[in-house]
Amino acid sequence: MLLSLMIFIPLLGMIVVLLLPRESEELVKRVTLLFTLIPLALAVYLFITYDRSTAGTQFFHGPVPWIDAFNIQYHIGVDGLSVTLLLLTALLGPICVIASWRNIEKGIKAYMALFLLLETGMLGFFAALDLFLFYVFFELTLLPMYFLIGIWGGPRREYAAIKFFLYTLFGSVLMLVAMIAVYLNSNIVNGVAEGLRTFDIPTLITLAATQGHALADSDFQIWVFLGFFIGFAVKVPIFPFHTWLPDAHVEAPTAISVILAGILLKMGTYGLVRVNMAMFPQGLDHFTNGIGFWGNSLALLGFINIVYGSFCALAQTDFKKLVAYSSIGHMGFVILGLAARNDPGITGAILQMFNHGVISAMLFLLVGVLYDRAHHREINGFGGLGTRMPIYTGITTLAFMASLGLPGLSGFVGEALSLLGAYDKFKFLTILSTIGIVVGAAYFLWTLQRVFLGTLNPKYEALSEINGREILTLVPLAILTVLLGVWPNLAIDMFRESVTNLINVLHAI
Amino acid sequence: MVVPLISFILLCPLAAFAVFGILGLANKRFPRQDYLSTAAMLIALACSFLLLREVVPSPEAHTVDWLSLGNVTFSMGFYLDSVTVIMLIVVTLVSSLVHIFSMGYMHDDPRYPRFFAYLSLFSFSMLFLVVSDNLLGIYIGWELVGLCSYLLIGFWFEKDSAANACKKAFLTTRVGDVGMFIGMMMLFTKFQTLSLYGEDGIFTLAASQLTTGDMVWLSIAGVLIFCGAIGKSAQMPLHTWLPDAMEGPTPVSALIHAATMVAAGVYLTARMFPILTETSSLVIAYVGGITALVAATIAIVRFDIKRVLAYSTISQLGYMMLAIGAGSYVAGLFHLTTHAFFKALLFLGSGSVIHAFHAMHAHAHDDEKHDHEHADDEEYILGSEIPPDQDMRNMGGLRHKMPITFITMLIATLSISGVPFIFSGFWSKDKILAGVLGRAMEWNSIHHYILFVIALLAAGITAFYMFRLIFMTFFGEPRNQEMHEMAHESPLSMTVPLIVLALLSFPAVNTLWFNKDYVKPPQQSHLHAPTHAQLAPDTKTGGTGVALSLFGVSEAVAAEEDAGQGTQDVHGDDGHHGSAHTAHTIAMVLSIIVAGLGIFLSWLFYHRRALSAESVATTFRPVYNLFWHKYYFDEFYDGVLVALTVWKARLFARFDGSVVDGIVNGVGLVTRDILAAFVGFFDNRVVDGLVNRVAKITWAIGGRIRRIQTGAIQTYLFVVLVGIVLLILIFRVL
Amino acid sequence: MEEFTLKTFIFYGFALTTVASALLVVTVRNIVHAAFSLMVTLFGVAGLYVFLQADFLAATQVIVYVGGILVLILFGVMMTSGRLEMRIHIERGQLLLGGAVALVLLMLLLTVIANTPAWKNRIDDGTELPPTTERIGELILNGPFLLPFEVVSVLLLVALIGAALISRKEVRD
Amino acid sequence: MTLQHYLVISAILFTLGIFAVLTRRNAISILMGIELILNSCNLNFAAFSRFMTPEDISGQIIAIFGIVLAAAEAAVFLAIILAIYREFGSIRPDEVDTLKG
């Protein structure tokens, strides 16, 4: 019930916001903030009461029959894998609302309503335990995102929005096909159909591990794995499905970029863990067993993401595009860690998901702060801002350092664990991937130098220091960054058992 | 008592930094950050001295779980042995002195509080690195000191050169760190832990689990870990960042880039000593040796007082690496300690000189901005710009103006040059030379003989360029009269640290190192490949070493040397003791000779002016150019590596924009234009032909039918009713 | 055939009044007259309700229809019709067609009424039922009709607001 | 008085209402016709309630709802008529034919 409340309160908020008069913008913003703070409060409660000693699903609601004809159920719940991302989503919600406080100029009401809808979609996605429900929420995020980019974005917003939409749709069509294939095979044992078909994820996981079940057939798993994988790969995004990301980021308003990098990318990797790994261990095995091309393919994709993303970031001169490409690089570590299929690898990957959510959120907020003042994002157009805006420079340095994986800040732990895990299986690729660490440091430091160091660009002598509201959005994230860097167990406690459980599933085949 | 004490030591500087950070976020400032940071450091220093009692004799580790996975746990902990304590004292001591020095030196800086906050953060990180008992902890501290170094080098970030230098420092060291990380990954994959000590630590496991078949693997791992040290300790080929790091304030150079952080690489290598194999040791020794020599040669031709010291630091660090690579664990760490003191002293002294010139520089800045560029002839054509207050060619004859600075710096110079017996530098350097020679004789290894020669050469050159610095700065006639007039002795807050450090350059205060029970080298379980185990006994010569008994110290040194060698050698016997003594004697004599030679030449060139440096430079033009251009490392990196990377990045980005995205857009276009056009054609002619016909008919019918649509409600209603009536008639009545 | 009592007489009287006045409503040319005829019809229906022992319904009929709707209609007449248009214009052709359809419909309805077996021989036995008001109240406010009642209330409210909104003079902004 | 009496009266009222709606050229007259139709329905409800289920008075309640609906309908209808009158200057339904095809 708690989870259902958490998921649908933003939806209620959307209705309330829609009923408010268009003119009272301040009221609209406050109401939206309120309706994003409630899930956050619930998330804090969830964090406190979550039982860390078990791998099982908790706080579940359902299964309640929803569409009986296809045995689709309303079934939600969280385990260690999803709870962290749920918390992240609930945290970023209010932060984004605050970040949108001043810089959305038109149609704030519609914007906020769409944002709340988006939040419902994201929260629901992470909590869904029914494959169909999962898909519905997955698609539910797409629609508001399309409008949020397409209406409130930059000059090329329509191109970016359509690109984003089509890309994701392309992926989700394959996903849908795979999903239907799973559904149709879900009641076939030894070639004979018996019982009801089902979309229920926990049931499907059990079935996929049952000897003789159609879902446990390794060829079937490979194909279905591919279908889901492409669907999620677009979201992550994994090379070569990544080109929507820089465009979407550059055009999207700040808060939406934050959501995009912070949550939407995680939906892809979360899907990989939740569906691809847990449900199709044999399919996974085919792509990560380290034998031949296909056995290395997932790790190879991770490697390409890391190196390719980092090098592309190095060449960017648009601040936001740079951060966008850095996201691609960082998600590569997640893929690499997942491909390792071992304790440090998966833990590192999940940790990296969470940490990247926090850090990239900070980065985009910071870019937004600068953009609001200077109205451009050309890195070479700044210079010497360190003297003008010391606090802003300080926070940016912190975020950059976290992002480039400085130990003591959260980015390091996930990255290091992913690499440690991956080295066990993919020695050569992992060693090559470490290039990404150096290049990552290079582009962040170079940016730092070009924007903040050196002599002050006289054009920006009047630039105002970061204000209280902006600091308010950044401080929780900064604290989290430091906290998780110093005390990573705080996060790992949440999902340690689930990871162990997942690994047992993977090793059972 | 140990754990709370160490925690407290760590907490002091961290708290000082936290105050700054939290207030900074609230856009406020703590006006007395300098007192806070300094006090924190002094407390930490006092606590470190307390630890001196705690540690002897047995090393101990205290751990807590830091990061626990399902079946792997990374723990964080403190490991406290004599080396740790000595490092703690060195770091806190130098750091405290630098804090005090900075109160005078940095006093007029607009970002004065920030400077102390950074110093505090650095001290915390460095101490954390030192006390960590596992590789992960060391790595964390390692990167954090890198960050502080970055922040402090770039402290005057308005200067483009500083901004460049800090970035370069961070990136260069990161390249090394990646190597270190790969090494860590190798060790982790093998042993499933990153803890070094204890039952489940890497060292125990390595000793018990590894076989001869693993030697290559272990060597690679060792060299990779050493890569981290190459970066951080500015060894070849990653040394180029350290001279540039002199863009930072001078106290920073003294603390970070002379005494502590750069020595962390040596410390790490020493920590990894137990798992160094013969091969990796040799690699380390060669890297160290070559670095020592090359950096020393570059230092000869520098004119910037800080750059001379920077290259000298690199060279001395190479010395330490050489020592550890050659198995002289104790000697390497001993030299680390003595070097920390005298090099910090040299930097602070140079800072004092710069400070004396600084006011003048600011004054003369406007009218004589570029004058110095024309002052000397062609040398400037080649090179980097030197700030006039750091240019030794503007100095000279300062010994009367700044007596305290002069005397203290002279003591440090004598120490670093290896002037015998009353200076600590002599003992530590001598110990290294003896160690290398000892290893060479013991193993009859040509490599170590070569290394010994390199080390000797480097020692001579060191003496030469250090005295060159002293002569050019403090002796002779003032070369720039105007600047000379303005020069003055520094305030008390700056001279006191100089005096303290000068005192530390005497061996008496380094007695810990002469107590052979205090620091014991750890066992190297993988040093001997089987071949050497057989070779070693045959090569031993039964020398009859005569220990020089001077001040009763050298006896202890030699004996300690034995202890060091003995524990490393499974076959240690009397004959071996002999070889150590022989080596010691030879090394001592030779080192005194080369030091004297170096000083004498320097005196000839720069004081007596009996020989002209310029004419020598002209005679050996190619060599001189090589030295002047720092062996073209920077040119190579900037022109090739950096350019290549950026080019590659641009290539990738263009690839991304045109090819990958092009394909995507292309698919879009193809779908929209070509495919759609074809389908459209087909559609128009075939499908649409049919459809159009249907549509036309529909349209025609519609045109007629639309008259029914009168728009009058009553008509509709009428029709509806008729319909109802008919329906009722059909179904009900008929 | 039942007895022709006073009660029956009155019933027929009401029935006749209702039908006759309804006929007037649809035939009279003056719209105001039509409205008043409608009033008579409504009263007649109310009387019929009384015969059906639906006392509350009868009262509601009088109050709501006569007191409310009829007044509303009269207002509507006054506000929309100029003096000339007080007369209702009827076209002959339309009249014939409409009349024919209505007639056929009536025939059909009567046939259905006459032929449905379940409806035959349902005679009012004349039993006096207790007043319905209390039971209706019970059913509406505390019984199965609570929800419909609420829905209808909201509907009425919406209709009122909507009506007010539609009919107000447009304010140009 | 049988059920059929009432049904016949109701049927007549209904037919008259239909007739009015079909033939009248004045919106208000149409409204009156509609009122007649609604009344006939209510009468049916009441009658069926009385004769078919004497104990249950649900039919009456439905009739009451019917009245309420009639009231609502009348209100909205008149409002629309007023609006149309303002727009077209007439309430003759045959003149309001913007939907004409």
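Letters A, B, C and D mark the chains in the order given here, with residues in each chain numbered from 1 onward.
Convention: a residue touches a chain if its C-beta (ideal position, glycine included) is under 8 Å from a C-beta of that chain, and two chains touch if they have at least 3 such contacts.
For clarity, every value in this text was computed on a predicted model and none was experimentally measured.
Chemist: Taking a step as a move to a touching chain, how many steps at least join chain A to chain C?
Modeler: Minimal hop count between chain A and chain C: 2.
Chemist: Which pair, A-B or B-C, has more C-beta contacts?
Modeler: A-B
Chemist: What whole-Å value do you get for the distance between chain A and chain D if each is reduced to the mean of its CA atoms?
Modeler: The answer is 60 Å.
Chemist: Between chain A and chain B, tell me the centre distance in angstrom, where each centre is the average of that chain's C-alpha atoms.
Modeler: Computed value for the inter-centroid distance: 35 Å.
Chemist: Based only on mean CA positions, could you tell me how far chain B sits from chain C in angstrom?
Modeler: Chain centres of chain B and chain C, defined by C-alpha means, are spaced 98 Å apart.
Chemist: I'd like to verify one number: the distance from the centre of chain C to the centre of chain D, where each centre is the average of its C-alpha atoms, in whole angstrom.
Modeler: 7
Chemist: Where does chain C touch two or more other chains at once, residue-wise?
Modeler: Those would be 94, 97-98, 101, 105.
Chemist: Identify all positions of chain B at which a residue touches two or more other chains, and write them in rising order.
Modeler: Within chain B, residues 714, 718, 721 contact more than one other chain.
Chemist: Going by the contact rule already set, what residues in chain D reach two or more other chains?
Modeler: Residues 18, 22-23 of chain D each touch two or more of the other chains.
Chemist: Show me, using the given definition of touch, all chain pairs that touch one another.
Modeler: After working through each pair, the chains in contact turn out to be A-B, B-C, B-D, C-D.
Chemist: Which residues of chain A touch chain B in their complex?
Modeler: Its residues touching chain B are 163, 166-167, 239-240, 242-244, 308, 311-316, 343-344, 347, 384, 386-387, 390-391, 394-395, 397, 401, 406-408, 412-413, 416-417, 419-420, 423-424, 430-431, 434-435, 437-439, 441-443, 445-446, 448-449, 452-456, 465, 471, 475, 487-489, 492, 496-497, 499-500, 503.
Chemist: Could you list, by residue number, the parts of chain C that touch chain B in their complex?
Modeler: 94, 97-98, 101, 104-105, 108, 111-112
Chemist: Which positions of chain C touch chain D when the two form their complex?
Modeler: 2, 8, 11, 15, 18-19, 22-23, 25-26, 31, 34-35, 38, 41-42, 45, 48-49, 51-54, 56-57, 60-61, 64-65, 68-69, 72-73, 75-77, 79-81, 85, 88-91, 94-95, 97-99, 101-103, 105-106, 109-110, 113-114, 118-124, 127, 129, 132, 135-136, 139-140, 145, 148-149, 152, 155-156, 159-160, 162-164, 166-167, 169
Chemist: How about chain D: which of its residues touch chain B in the complex?
Modeler: Residue positions touching the partner: 18, 21-23, 30, 93-94, 96-101.
Chemist: What does chain B use to touch chain C in their complex?
Modeler: 714, 718, 721-722, 724-725, 728-729, 732-733
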